[in-house]
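Order as written gives the chain letters A, B and C; numbering starts at 1 within each chain.
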Amino acid sequence: MSEDKKTIIVFSGDLDKAMAAMIIARSAAAMGNEVTLFFTFWGLNLLRKPEPVSVKKNILEAMFGWMMPRGPQKAKLSQLNMGGLGTAMMQYVMKTKNVPTLAEMIAEAQQFGVTFIACTMSMDVMGIHQEELIDGIELGGVATYLGAADDANVNLFI
Amino acid sequence: MSEDKKTIIVFSGDLDKAMAAMIIARSAAAMGNEVTLFFTFWGLNLLRKPEPVSVKKNILEAMFGWMMPRGPQKAKLSQLNMGGLGTAMMQYVMKTKNVPTLAEMIAEAQQFGVTFIACTMSMDVMGIHQEELIDGIELGGVATYLGAADDANVNLFI
Amino acid sequence: MSEDKKTIIVFSGDLDKAMAAMIIARSAAAMGNEVTLFFTFWGLNLLRKPEPVSVKKNILEAMFGWMMPRGPQKAKLSQLNMGGLGTAMMQYVMKTKNVPTLAEMIAEAQQFGVTFIACTMSMDVMGIHQEELIDGIELGGVATYLGAADDANVNLFI
């Protein structure tokens, strides 16, 4: 175990939970930690490019892809979303307080050297192809996660 | 602390979160870890037998028992459930991709030697009796959990 | 790393998740652990005084303050809330079983020496002032959290 490694499973695709994950990851990396984020289930949607990508999907994969949000700009609050009003309010307040957007937080975390891993099993089940994800994402399975977690002294599930 | 112990508090009874917990638990156990799952609150419902069990309950306990899902077959997605349609879609896709069902994942985790502990305080509050739970479940309180977590190098709350 | 330190990020303001956090914190403290709770996002609402406090807010801060629950008495179940009926049922059952209320659990955790930290960034974004929080709360940022987590052997995100 090393005191300078951290892992977070980013299971949620909610705006608020994703921000919490990114703030912890970015800060830990800035403090010299090796940080690994493992994106699975709804969290995968945070890594999707905002524009549609032409890939071959079966009908169910296409439906999942259409129903799920593409990228951090589409993420909603887990609470108080109120048909998007609460999310827009939160984003407006963050802007007035000079808090970076979720998309900016993700870019900053990548710049700070945080490792982003997309869960291959979730990608398979949800029919998401690597071409649909932003650049700089590694692919991995649960064994990859467990290997990173074994070496870390803080492991969170968000 | 040992590098080969892991604990997960399974608080959620949602299909997606329960699958995440089971996939991590099963994989960690298959890699030689001692894994302890502590089922509390809604997570307890995952351990209920699918058929009703005749036990003496007061009216509120009976109501809770009736309102809460009995077993992994009744678990719903935390998002995109859409009145059951999203959950059915996910289960269908998993079947076509040869991903085990949640019930199969639970059985496999037990076969791999994962320790399943049901939280006695939650059982008491929700009026769930041990006879209503599947076989192979130990009972324990928060002190049992903390003892296991103290010895583990990965501790998650799902 | 010390075997007698624990941290929990209390992100959720839901009654059930907050109870889980408090039960773990109180028990760990009673067993001799140094426990740090870091309240962020919706979790902050658990620390608000139940009565309104007169502080200067802009219109959006006032709206957030009005929409979000003030204190543990207003916390709702994350599931089965059913317009408050499920939450009331749960609270009634807890009372009949002599389980402390969430407010009592918070007070007990403070008496056991659990450290309560309110996330300054969340306070800023949500427009919550220190005067609106109950007594005995320290203020801190993500670096404070990471410092505590580095020293702990159990770190949870709830």
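Everything below uses one rule, namely that a residue touches a chain if its C-beta (ideal position, glycine included) is under 8 Å from a C-beta of that chain, and two chains touch if they have at least 3 such contacts.
From a predicted model like this one, the values you see are computed outputs, not experimental measurements.
Asks: When you draw the chains as points and link the ones that touch, which shape shows up: line, ring, star, complete, or other?
Replies: It is complete, because no pair of chains fails to touch.
Asks: Check the residue numbers that subunit A and subunit C use where they touch, and answer same if over half are used by both copies, otherwise different.
Replies: Counting which numbers both chains contribute, under half are shared, so the two copies meet through different residues.
Asks: In angstrom, rounded to a whole number, how far apart do the mean CA points of subunit A and subunit C lie?
Replies: About 25 Å separates the centre of subunit A from that of subunit C.
Asks: Two or more other chains touching the same residue: where does that happen in subunit B?
Replies: 1, 155-157
Asks: Which of the residues in subunit B end up touching subunit A in this complex?
Replies: 1, 3, 16-17, 20, 23-24, 27-28, 31, 33, 79-80, 86, 89-90, 92-94, 97, 99, 153-158
Asks: Could you list, by residue number, the parts of subunit B that touch subunit C in their complex?
Replies: Contact set of subunit B toward subunit C: 1, 9, 11, 13, 40-42, 60-61, 63-64, 67-68, 121, 124-125, 127, 142-143, 145-146, 149-150, 155-157.
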